[in-house]
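By letter and in written order, the chains are A, B, C and D; residue numbering begins at 1 in each of them.
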Amino acid sequence: MIIVLKPGATEREIESVENRVKEMGLKVHLSKGVERTIIGAIGDERKVDAAFFEVMDCVEKVMPILKPYKLVSREFKAEDTVLRVGDKVIGGEEVVVIAGPCSVEGRDMMLEIADSVKKSGAAFLRGGAFKPRTSPYSFQGLGEEGLKILAEARERTGLPVATELMDTRDIDLLIKYADIIQIGARNMQNFRLLTEVGKADKPVILKRGLSATVHELLMSAEYIASQGNAKIILCERGIRTFETSTRNTLDISALPVLKQLTHLPVIVDPSHASGKADLVHVLSAAAIAAGADGIMVEVHTKPEEALSDGPQSLRPELFAEMMRKAGAVAGAVGRRI
Amino acid sequence: MIIVLKPGATEREIESVENRVKEMGLKVHLSKGVERTIIGAIGDERKVDAAFFEVMDCVEKVMPILKPYKLVSREFKAEDTVLRVGDKVIGGEEVVVIAGPCSVEGRDMMLEIADSVKKSGAAFLRGGAFKPRTSPYSFQGLGEEGLKILAEARERTGLPVATELMDTRDIDLLIKYADIIQIGARNMQNFRLLTEVGKADKPVILKRGLSATVHELLMSAEYIASQGNAKIILCERGIRTFETSTRNTLDISALPVLKQLTHLPVIVDPSHASGKADLVHVLSAAAIAAGADGIMVEVHTKPEEALSDGPQSLRPELFAEMMRKAGAVAGAVGRRI
Amino acid sequence: MIIVLKPGATEREIESVENRVKEMGLKVHLSKGVERTIIGAIGDERKVDAAFFEVMDCVEKVMPILKPYKLVSREFKAEDTVLRVGDKVIGGEEVVVIAGPCSVEGRDMMLEIADSVKKSGAAFLRGGAFKPRTSPYSFQGLGEEGLKILAEARERTGLPVATELMDTRDIDLLIKYADIIQIGARNMQNFRLLTEVGKADKPVILKRGLSATVHELLMSAEYIASQGNAKIILCERGIRTFETSTRNTLDISALPVLKQLTHLPVIVDPSHASGKADLVHVLSAAAIAAGADGIMVEVHTKPEEALSDGPQSLRPELFAEMMRKAGAVAGAVGRRI
Amino acid sequence: MIIVLKPGATEREIESVENRVKEMGLKVHLSKGVERTIIGAIGDERKVDAAFFEVMDCVEKVMPILKPYKLVSREFKAEDTVLRVGDKVIGGEEVVVIAGPCSVEGRDMMLEIADSVKKSGAAFLRGGAFKPRTSPYSFQGLGEEGLKILAEARERTGLPVATELMDTRDIDLLIKYADIIQIGARNMQNFRLLTEVGKADKPVILKRGLSATVHELLMSAEYIASQGNAKIILCERGIRTFETSTRNTLDISALPVLKQLTHLPVIVDPSHASGKADLVHVLSAAAIAAGADGIMVEVHTKPEEALSDGPQSLRPELFAEMMRKAGAVAGAVGRRI
């Protein structure tokens, strides 16, 4: 940690900072420059909050040297994490496709979609039983009934299922029915939820918050890992910017950046990133070219009747086309679907 | 709701949209322009999701006319909502100041700060017993013990207390000890939490999410109101932008905008907005000039020892100075502190 | 144009809006809903500023139906624009690569880089003679000398050259030496510069501004086209967001969005988007998968001695590798390099 | 400058960085931590580009210690800059109000508005003769004729005039007619324009770009100052964010931040920040409470006929009301209008 003092800091002030550094178990390294005095605090700075120094009157700024996360970092574990879920592998050579409706709306519809996406080559099913909706007047999901339908779809197709957890009180239900627990973008910093899934023995898809930096995403992953669960899949799903021609802005660069910083697999959700079905196949191709380990995509047999996210849901024939294009690009970058 | 069709939409397509509008209980109003055909859907469009039309191939875009929230809107209730909490009033002539430490760190410290802010004229106490921290390795709050200390501080000073709810499982505890329940920025779209406080008979401070629009803030307030609890205080606390010289960007314009759109009281948290104690007094003055009904500010007797948010916490003497300046500006805009 | 009146608008007010619509040569289409009266203004609304109605007291909001640009829109011209520059084609089956140093720093260096990128398959040379630098104390470019060196590099390699115009006073110089004139991101709304290149008979690369929407980019292209020059190549080069792990955020979705809205070719600059050489090959691959017609990339034989943008410049061997990967992805999407 | 090496940097790599630091005339200060080696480069780092080190393979990141601007910094000149223009003072006790139409549309209108704003207490006139318009089909200003009308308005009222420069070719015209030259937000990084006004002997209002940080604003001011012209007035006019309920987001915190970083006067333009006339008086009051040295506001006697920016222009009676409120708040913070 580098502590930059204000110009004109007195000897007494310098000493007070040095003492504070030592109190925290770090070593002091003093450097007097022409215009500024700088104090290096050497040791494991993760235990020390920059705020402890920023609050001092003689301090101009504090610059951390180390990253605030550890368990999820590439430095902590150099080789890629490869997760096995049933007979599927996430983070390996195969780019996995997780497909299904936004919400589980009913049994027949869910099974029909499940059959359809399986046929086109999806590796996992998705579907929400608990839905975070911005309006209190919108469909909120079928709850446990939805989970049961998902489980039936899994039995029928053999595809493991991923579904979202919204409330700490539902964790046992999710563990019972789901193969992968999803933490939605709006809950990326719901630290209680992170703590609960951190204690569970289930893979977790952690979606990036709309205004979360890559580092904050990794800190939320660290929350989960720090509780003992290292089976984490990161998901880029678009960030909020000033641009309104897409619902969110897919941060494609986050893929190679995350691959440098962490050993965890990273997938992309082009449906939520764009909000538009006709952009999904292009963004999927781009995501795979950028190194995505998986694609999470909304598919619906009748988007015009979907109770949520219809405009961004692919019809089965468009999904099949997306899979073909995705396969070609995967091949071009040395992977397969 | 205005439905704009793509150029070249056929008669059959136009008819299909018209039928859909009617199915949803709305009336059709057709308008053929030179380059586009437009279909107006007349009636209470709040019940109808724009997505139902966006998903149709012949539709270019859908433009809602009405706002998606109702109970919290100025149209629904023209006069300002004035909330009574104990013998205090929020939303009246007085600009209320809610002050205290970021976290309740211990009994003596909390009581000392409570005495201090009362002396300077604060109307409410604040303090976190459950803390949302970005790092799993940081202090997470004292839990129920912290709530008990807050209650003791209330007995001692007579000031009602506001504290944050992070988990649906803690709602009963909060109701037992707190006078105002706070929903933090990161939980603004934690819809389960909103639903729970919506069922409670307690005033709620709803903080704006870091990347939430003014309309999304109002939708979250609608969630609470739709459950029966209309005692809502909105809180602007800075949004996330590209600017890094402050922690967040205080959206001062949100104050007059919210005053036009809603009847609910609106307060400002300059401590979180800026992240810097030396900006708090200036931003408080600006917020009051812009129409804030209250200021929520972090005060600590020893910021250098604070377990959280030290750099943005005011020392008691700076808080006293802030109160003087705030009082002068309140007077200039026809209010008082 | 849809004009939504405030609730309670009087007959007289409605009439005043109707009269205004008629004065502007548009036809009125009145629609009285349950909660709002709406007036449709039918005709070529591009000639009419929404502001003329927004300013009226009884008007709540004005919603344009038509896009404000015409000449550059896909509706105006359905087929893709294909530009010929020398013996090269932009916007055809081939994905063109424009490569070279950020600045022309000297003759030997420029020729060495030109030879190198030609060998790896670049179709165009790039290099700045006039450089927009954020610091007045940084290298500002060689001016006309730089242009002469660029011209020499063209003679030697046969590759046409693209270079940036910063000042209306330099337009004649640029026309004399360059094959393509580049308008930099910071000048995307320098309307005088747009007007000048609009009068020139040279292809123009128009880079998207850091905070420009896709629609604003198209409006700036319309500026150029409205002066008579339709040889425009749009360039996505990253937008400014809250994320700091890359210099800017490459808006990959802008590619398919632009392809829907306009007939103009679209290229991507991954060097400026990321600011990091080690991300360039991945982002190039993603851009091609997303439909880019070209890639503009900074290459330097000695990045560590570059007078500008060293950290984002590829060494020749990395550029060669980038070309191989780009070629594979181009093949996967039915194109070539 | 702090240069952080990657973990595992070899002795030879460390030495190569050290040598580079020395070559640039700085002194080396080495610090080996537990996880990282850090090299401090001591001396005037402003002459050295961080990029020279970032480009080295063994370097993880480079962190500047000093600010990149000098002449405009508070460290360079501790006391506030106070500018005299005619018999007016900017940056003193008085908060100056600069008022007038967006564009000069004609002689009679301009004179009428000038009389009106003078009567209400404005200190300066504003009005655009050259207008940056996003559409090529909109009114572009009257050019020199507009400047002549402005000069006539000055003769008549005694109020000095501020007007915008868009093109380096117009600098002599502006110097001839204007008292203050304005650089618009879209030209904040038009470095040629900055260089030209830097050579002029006229005060300059430099507006912050829509996506410019506070530090970039100061770098652009440094451009002007580095050419010899230190008569610079900074203008906060709203930044671009995801929020759409106002045209831009007024960054009120930039006022106290700029006051800490620079000695230059800072004014606010609430008309462009909000885009809505009915927010202007509230935002003006907030800006003054936040420490603004001036307010720049659009006033029009007939906003409904304005050729540009009608919706954000105040009618004279609203301007008079704004002045009263602004005066009250100015008094509360120890200033006057």
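A few notes on this one:
Going forward, contacts are C-beta pairs under 8 Å (C-beta built on N, C-alpha and C of every residue); 3 or more make two chains touch, one makes a residue touch a chain.
Since the structure is predicted, the reported quantities are computational estimates derived from the model, not experimental observations.
More C-beta pairs touch across one of B-D and B-C than the other; that pair is B-D. Chain centres computed from CA atoms place C at the largest separation from subunit B. The distance from the centre of subunit A to the centre of subunit B, with each centre set as the mean of the Cα atoms, comes to 26 Å. Annotation: 39 Å between the Cα-based centres of subunit B and subunit C. Between subunit B and subunit D the centroid-to-centroid distance comes to 31 Å (mean Cα coordinates, whole Å).
Shared interface positions of subunit C, defined as residues touching 2 or more other chains, are 211, 240-242, 244.
Within the complex formed with subunit C, the subunit B residues making contact are 2, 4, 7, 29, 31, 33-36, 38, 40, 42-44, 63, 65-66, 75, 240-242, 244.
Subunit B meets subunit D in the complex at residues 211, 213-215, 239, 241-246, 249-257, 260, 273-274, 278-279, 282-283, 285-291, 325, 328-329, 331-333.
Residues of subunit A touching subunit B in their complex: 46-47, 49, 51-52, 54-56, 68, 132-138, 140, 166-169, 186-187, 189-192, 194-195, 209-211, 216, 219, 222-223, 226-227, 240, 277, 303-304, 306, 308-311, 313.
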